[in-house]
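My questions will all concern the structure given below.
First chain written, first letter: the chains are A, B, C and D, and each begins at residue 1.
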Amino acid sequence: MNKVKVVVAGFRGRMGSEALRMIEKHDDLELVAGLDMDNAGQKVKDISGLPDFDATIYTDINQCLQDVQADVLIDLTTPEVGYLHTKTAIEYGVRPVVGTTGFTSEQLEELTDLAEERGVGAVIAPNFAIGAVLMMEFSKWAAKYFPDVEIIEKHHDQKLDAPSGTAVKTAELIKEERQSKQQGHPDEKETIPGARGADVDGMHIHSVRLPGLVAHQEVIFGGPGENLTIKHDSFHRESFMSGIKLSIDHVMKLDILVYGLENLLE
Amino acid sequence: MNKVKVVVAGFRGRMGSEALRMIEKHDDLELVAGLDMDNAGQKVKDISGLPDFDATIYTDINQCLQDVQADVLIDLTTPEVGYLHTKTAIEYGVRPVVGTTGFTSEQLEELTDLAEERGVGAVIAPNFAIGAVLMMEFSKWAAKYFPDVEIIEKHHDQKLDAPSGTAVKTAELIKEERQSKQQGHPDEKETIPGARGADVDGMHIHSVRLPGLVAHQEVIFGGPGENLTIKHDSFHRESFMSGIKLSIDHVMKLDILVYGLENLLE
Amino acid sequence: MNKVKVVVAGFRGRMGSEALRMIEKHDDLELVAGLDMDNAGQKVKDISGLPDFDATIYTDINQCLQDVQADVLIDLTTPEVGYLHTKTAIEYGVRPVVGTTGFTSEQLEELTDLAEERGVGAVIAPNFAIGAVLMMEFSKWAAKYFPDVEIIEKHHDQKLDAPSGTAVKTAELIKEERQSKQQGHPDEKETIPGARGADVDGMHIHSVRLPGLVAHQEVIFGGPGENLTIKHDSFHRESFMSGIKLSIDHVMKLDILVYGLENLLE
Amino acid sequence: MNKVKVVVAGFRGRMGSEALRMIEKHDDLELVAGLDMDNAGQKVKDISGLPDFDATIYTDINQCLQDVQADVLIDLTTPEVGYLHTKTAIEYGVRPVVGTTGFTSEQLEELTDLAEERGVGAVIAPNFAIGAVLMMEFSKWAAKYFPDVEIIEKHHDQKLDAPSGTAVKTAELIKEERQSKQQGHPDEKETIPGARGADVDGMHIHSVRLPGLVAHQEVIFGGPGENLTIKHDSFHRESFMSGIKLSIDHVMKLDILVYGLENLLE
């Protein structure tokens, strides 16, 4: 079996270091280089806290892709750097797998055209947690039959924004499918403001913040005599890695750019 | 075994008719009369939809308690009627078991004094669901060790007020015990108003309303690395009957008035 | 708007009487007759406890379908009677909507051929609860990505068999999709027998039985760092009615027999 | 304010290193020494991965307690070593806080007598997670009113034994309080063996094992029309530290040995 040769950009970050551990666990993957803002010429294993990889660290992607034979570039950096990396990788015929919510639609369009022109597979995903992506897909589907839905998302109490991005995204996806309605009794009253949560197109979102929690969401659909609940619990950021692995497997067979993990999950 | 002789006031209502069914199921209870606004002189079994009891229906409590030998009066009427029934019952030496949140503190004081003076046991309870009462007791206790707490209550979408009375009551009980604090990150922001729920002394209450639901509440305590949750699901109003039965058992041994089921649950 | 003209067979049963209440609530449906083992010539409204319908009761389906102009036959009887009703209805060009798990594969094949031959739409479904059917569909889908799965089903303590039919059905559907595996640690040990539940192809099913419960199931998928849970709560048999309504809506546009509600839910 | 002077035995282990981080976070605690099997004379900060404490490492407890002025010994070693440490600490007038399930009843009795004789406070606890201990206390209490109870415990799939020790302990505590009964329908049948879980005095325990999970338990009580659930989620072993902190606070005011965190939680 030929191993898939992988370059990881941003490997010293939280997600990036998880990506290294994921590569370590899979026999069909091989780390051939790391891309970093620093530490050019060192080995990944020289960086304290990282797995024992012999791969060389580059700070320049062009240099990197000229020196090493790579199949896939995993990019877990910032939107600015990630955009340049993605573009460059496609030009070198290296398939990018990119985790970001930050690309503009112009950038996405440009990268999509470039990938198609070159016939190079690419995956760009705002969310690599397969469980979270399935939760959203199932919710879209259920909303066709259950127009009454509320979302409860729970996070640790260090989180600043409420509702969470995933909850808002879920509500927007549901909105595309469900017949629009204002939920609850028409005459319902909040005796204490906020009790009924945030209103998105008549749906209600509730944000719980408590120490001890990690990242959890449940989408509850109600109908006469029954409830259907889709719940996702993320206990550890390791949960993103199965989605990255799946993307690597798929990107090797693609010759276009796919946006969103849901489009790989049939 | 001597059966406990019971009069039920308000037996045609939702709660009252459940009370009849509860009496039917217990060999140690006997229905000796019904109190109603109507149907004087008829039998309970003559009313369609009720269990097959031979007991006579009265509209006047004095007449009733003179005619029949009763041990306990279960009152499931309105606060006004219930107050008069309770007072009269104590005067006749019949122990009242009353489900109401509507007595004023003056009325409660007067009834307490009267019960003590006559040495007649009495139980008045705003909530007869043992599970709900235990949920509140456990929450008070847990709040000593977990000052971070959020409450999620879920009801059918025909409910008008949010948060529910039980949720507010729970928060008030917790407030007595916990060290007061504003929960969540000091800089947290609602990007959609209401996301963080209703604020009661820094605690957050979230009210979910969906068809299919009955009456549900969970109280979630968060601490470093752990969560403790107390959850009560009321699937059917039958759930109130075990608390009424417990109250009957206790009231037979009491010679004072006890307010609140929690004071019978040690 | 032309109302859909409906005959209900088995309208005195638990499901059948719910079906009558469902028809009562929908302006686009009209009850034109009832089929019963008894009470020929009476009106539905003459039967105590049923909605106030003027429709006539028949005991003979041929007589019924000759006398009244019907579009749809809802059959909620037994497999034996249901089979004859379904066959006869198709022959009269009346579309059957049948709730049963009891038809043999020969019967299903015969009815499928007959419906196709006559160009008459028909729906036969073992389960009309849309929520339960979606739970199973989602579980099948999730199992492709999460081979580790356990099922917890909870029912009232009067239920005789464990696991429930729905739990076993869910496991079988998952089995079709997931890569087969024995879950849990290879060296795991039950210090008390039964702790790890029932084993179906390496999956584990746990059956909880408690008073107060109705019918609940959760399917929990585990992956590195995350869990995905699909939960269905049936609080009341009314939950089956939305599936029957959906089937009526679809059957009016069908010219073949469809088996299983999941094939109407796209 | 005088800081409480703490020695930690077993500080290189998983629990011990958490204890160091806990001390680091609390201004009223001071680490004065570490006890280890190795590294005598080094500083705690010399050990890679541990907080930056200047405290000296000892391998001999006598030497340690002679050299440093200590108030409390936290012992998170093995039962054998822990027993000797506890005994020695009491003899030196240093209050032990010990996390173990491994002491024999003879050892416990001997240590209890010794503590009383010397008037030295001591806390020995099989479980320091306050949430888990409260879950067990609440369960004992609820069992008086709800004799029908089932336990579901969920752990990661690397766990070898089922049911978990906490689940069995909970069942035993419930058994002391509830009126004994065989739950479920008398005629219930397992169509697949194990479906109804492990039987402890008529209660049923179900053990779920899935990747992604940490340590979770719910105790579900069922009564007519209602359910009461007590649930504990341990997401991180940090959860044990609040119980250790609470024990330190209490042990400073005790002059006897207290066994079990529940006896500090009133």
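One rule holds for everything that comes next: contacts are C-beta pairs under 8 Å (C-beta built on N, C-alpha and C of every residue); 3 or more make two chains touch, one makes a residue touch a chain.
The shown structure was predicted, so the numbers you read here are calculated from the model rather than taken from an experiment.
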Chain at maximum distance from chain D, centres defined as averaged CA atoms: C
Comparison of A-C and A-D by number of C-beta pairs in contact, larger one: A-C
Interchain centroid distance [CA atoms averaged], chain A/chain D, Å: 38
Residue numbers of chain D (touch at least two other chains): 212-213, 221, 223-227, 233, 235-236, 239
Touching residues on chain D, where the partner in the complex is chain A: 212-214, 233, 235-236, 239
In the complex with chain B, residue positions of chain D that touch it: 129-132, 134-135, 138, 141-142, 144-146, 221, 223-242, 246, 265
Touch list for chain C against partner chain D, complex: 148-150, 152, 157-163, 168, 183-185, 187-200, 204-213, 220-227
